[in-house]
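Shared between the two complexes below is subunit A, which pairs with subunit B and subunit C, respectively.
What follows is the complex of A and B.
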């Protein structure tokens, strides 16, 4: 039986600078520490005894990082402390990035969404996280800062392995940047779970951009969740659709390719084989929905 | 609605609602005492092993550790709930010779903080000799299987054979016979409040007080008396608010015994609180079982015979599992007339945490099999599933020879009302939707007395004070189901006052008369009768006094209503309740008015004095590509006698459907050689609010002569039909058949493909 409690030092910096100093210092000292924003993922694994850090740095006090901003040129900017609930209820998100709000609506419970942050969700590096597949198809970037400076990586490259991300120990994610959705683009997302709000057995996000005649697929991005060690971009499936007129047959071929690209494992709830089938079903369904939306866009 | 009652039958908010909602109401979980220590268990990592040695020396060196106890420190012997059969009292506070499941407590520590207790647990060194384990009932009964309890050959813990009519003859006369096999999975209890107890032993007087999250203060008192070798009366059990029990808090569990033992050893209050993982891996659950069922019918759908055999996965101990074995048989026969019936049941020991009573106590898995089989038979015979049920329904006065008699019985009007309502409610189905039915019934408390109590099954005491306020004492347990509200409503109705006039003193063995606790849907009927009797005694005094003062003769009837006592036919002639109370106490030499009540069913058969019953219809939609089943809409027509609190009854029905849907769709406890693989709320999937279907509940009230004001069961019956109604809806939608509960999407998808294949083969064969 694992302990559910362990004692740890607790730090609550008030500025980004202060926070970055702390992580840099602890990293140099080789201290086992964790950064926590909303705490919805970390608390869970700490309770389960999966991790037992010596120190916890809460960045909840960096209140100027709690924002959701939009302008046509720069697109959407989500500060590190913006909660799921803030995204779900943002009018600009609803208008311009509706798929994000749809995703948030089925992310766990209202209580979790009130506390949990979008940035924290991706930093956790859970391949079953709800956020990543949608960010991938929206072509998002993740901005990180350290004492030495800032850098940005595409969302699709952010998760490296099971619970492992591109974020260095002495860095913090400061912002998620999502470019304005191009014209003639439809984006859709579905998470398949047994109970509403649960972790996905499989999730699929698809963004389709049509040419000006709304006929040919000029660009497409397909993101998969829960079916590999990381959230995945199904590039081979995209290749099948790109530059073509999307038909049911073509979608079925893309679905097959996405199934081949995914690499799900067995879990208590379902076999890997079944999860792979889900990828096929939902690439077709979500692809169709994205196509419909692109036609209406 | 016109009613002769002024309190009962009216939707009434829970009397504990404000306290609980604001957080003022205290659960054991919230309590602490000055100088309190925290107890924690050292648990076995092996499913079956001999304990060679336990070395606590390192743990005792840790600052803050006040005591470590092992099986050798347990003064008492074994205990259990089947006290009439001592060999089935097989539980023990801390394992002394061997462990029988992963997580079984072998030692316990008491320390000044939770953290220190947790660290100390890791410092206790236990040496084991690992024994081979057995994890499936069919393996457990083999001759070469390891014995879990030495005295139980082939690991058979309990058996049941019940038979009436002539089953073989019934099958011979049948036009249609079919046999099916099922495996039903266990279901976890998952109460919001975990098992926890706070014990305080007074070394001076040798008396123990324990606050505990229990369904039955009396059962806990009995269990502790056996485990601690103490007199029942020297143990005071207090049950604060309880955050759910569902059957899993009837047994005396190690939270209570260990808190008590550690408090006795240290002389300080000790609290033991299980965490969620301990809840999943070391506390009781609904039994899993293998089942074979055979039915024989006449062409017109009349049931002639049924035979059912089950072998259950009992786990390491008995709990209330032997009772579940009995009820699993009996309630499978309801609400139908089955003239020839045979039931053979075996409960086996396995190296897992044990199975016990869980909401729907026994009935849930066997009703599933029976109701699912009935639909398969109906389909093959070309009979409508509701019609085949209508054909076989019990009627008032129906008797199952030697077992039970059903007095009030509204099932026929229930099914007729269902047939009518269905037409308006669901005139047309969408693609891949189906409707499934299941009938149901459940007891209003059990008549059997395996606990071997010499007391009446329920007791209550009413004290009316000079200002008309009432103190009501009973051990009856509100564990979240709302009995405290029902109790004061019944008392208020009988005395003709309001619920605000009553202060309830529930769940304390030192101040209140015995009640056997909240299990088997017994409190409304059994405790309700005791309360009605106690209040009735006081009422009689008031009525007699009023009649004397009015100078009326004996033929005139008086009633107590709305705080007045008056002539029923001349309401203007009477007195206020308060006036009469004051006069009666003055006449009584200043003694408050006391009424005592008790209830034990007599001449009501073996099972229960009364049965709640009804029929459920479920509309579900199937996703043929993913196998996801959506429970869309539920219609229930229900006879629970006179409804005492419609709000409470509705809450109970909805709660049952909720737990039933979990059983139907998502809840499963996969186990690998004794290890529970999903011991967290994250991994053990419980239906959430957003997954719940709409529930329409229609009442067909009856009056049961055994119930207080005619009331009977409302808390459990509707769990049993939920899973079969859902499975039948899926069967209706796409023909998929299931030999288990828990219709997870992957399982459903497989069944859909199987059904599609069979349909194709049949079509080919026709050509």
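What follows is the complex of A and C.
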């Protein structure tokens, strides 16, 4: 079946307020509804019949929220309707958050990046999504709004389980906020997939901050994708590196810890065991790259 | 319940009533009879159904048609100027860039979006633009050569 089989009511609010009123109203009525931005993930799930909402609210038209802004103090702000392509091509992202652009280059195809949004990607809550591990190591926050007000949660706490997020039914994500990368920091990312642009079998992002002498690792964040029910922060692996001088031996120990922290499932592409091995390989490889970048930063 | 969709297709204003669950590719092929846009993998993985929406390459199988409201869609049928093929179409023929032709309209529409913003792309830029497109016949080299050839033809025609 190639088309979407269940019919739904379709709404395309023109303002955020209008959209929030709709989600709040539908939530109170107990209506089964879905909010769609680019729909690059959700349309596929509807085609497969996994979800069959009674109503779809398309927020693609909220062009006020289609922005990518940066200033040194506030950091990077990605509006809810900013597409992957906008991030990929933003000169400020390239210059200040190069790892985000690197991640986007390999996220699906140009066609998907042209229409799909960064916020939509994380709202889908797919543990294999490319965006989340990078947001986690960049210490990003996700801003959400409801009729009652706004709140913000760290990106690492946003996904709760397979396809479940911290976003309440009557809320919308309005912005992703990424603080300016601290000095002496290097960030790197890799995803391993069978075909270019496909979902990751495993993905690893690492951010390393060195002290002023560029010797000791003063802070580190490691994000893993596709190897657990949610994108994961490998905190035990981070502990091994924090406050130490990073060597190959130490990275190997951190890699082992990250493998232990991950909990991949078998899939048609690869066994869980194989994915766990990938985590080990990439924590070492990406960690080394992040370290090199931190030294040059 | 059907809802009204107003948009521009290949330069022509269109107004029709559709079930909002309808994908853009279904409207193009089944409502408007524009069967040049092909529909293949069902999972957004092959890019066969690529069209241009407001100049951007987008997969018409992965987009609700209602989201095209007020926008401008260009399909493969919108490229030729009467009986004269678009330089991309002619270059695909001259460079033997297709055999069965099933992926061709998607490849050409992705290339069209690329050439509109970058009139002389490098080989690498072409590869990056087309890396989601799957072709089982020609092995991709001739497709890339055709796009480079078309870029030259388009630039010549503008001089």
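The rule is simple: the second predicted complex is superposed on the first by the 293 of 297 C-alpha atoms of A that agree within 3 Å, B and C clash if a C-alpha of one lies under 4 Å from a C-alpha of the other, contacts with A are read in each partner's own complex, and residues count from 1 in each chain.
Throughout what follows, a residue touches a chain if its C-beta (ideal position, glycine included) is under 8 Å from a C-beta of that chain, and two chains touch if they have at least 3 such contacts.
Note that the structure is predicted; figures quoted are calculated from it, not measured.
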- Message: Following the superposition defined at the top, how do subunit B and subunit C come out on subunit A, clash or fit?
- Response: clash
- Touching A:281, do we find subunit B (first), subunit C (second), both, or neither? first
- Message: A:25 in the overlay: touching subunit B, subunit C, both, or neither? Say first, second, both or neither.
- Response: neither
- Item | subunit B versus subunit C as contact partner of A:7, first or second or both or neither | both
- Message: Quick one: is A:15 in contact with subunit B, with subunit C, with both, or with neither? Answer first, second, both or neither.
- Response: neither
- Message: Going by the contact rule set out at the top, does A:247 touch subunit B (first), subunit C (second), both, or neither?
- Response: neither
- Message: Going by the contact rule stated at the top, is it subunit B or subunit C that touches a larger number of residues on subunit A?
- Response: C
- Message: Contact-wise, after the overlay, does A:36 reach subunit B, subunit C, both or neither (first, second, both, neither)?
- Response: second
- subunit B versus subunit C as contact partner of A:271, first or second or both or neither: first
- After superposition on the shared chain, which partner residues are touched by A:192: those of subunit B (first), subunit C (second), both, or neither? first
- Between subunit B (first) and subunit C (second), which, if any, makes contact with A:91: first, second, both or neither? neither
- Item | Of the stretches 93-101, 111-119 or 147-155 belonging to subunit C, the one that collides with subunit B | 93-101
- Message: Give me the intersection of subunit A's contacts with subunit B and its contacts with subunit C, in residue numbers.
- Response: 1-7, 44, 109, 196-198
- Task: In the complex, go through subunit A and note every residue touching subunit C.
- Result: 1-10, 12, 36, 38-40, 43-44, 46-47, 56, 58, 60-61, 85, 105, 108-112, 114-115, 196-198
- Item | Complex contact set, residues of subunit C against subunit A | 1, 3, 19-23, 26, 39, 42-45, 47, 50, 53, 56-59, 61-64, 66-67, 69, 110, 128-129, 131-133
- Query: Given the complex with subunit B, which residues does subunit A contribute to the contact?
  - Reply: 1-7, 44, 48, 109, 192, 194-199, 201, 268-271, 274, 277-278, 281
- Interface with subunit A, subunit B side, in the complex: residues 43, 103, 114-115, 118-119, 121-122, 275, 277-278, 281, 625-626, 628, 665-666, 670, 677-678, 680, 682-683, 685-688, 690-691, 744-746, 749
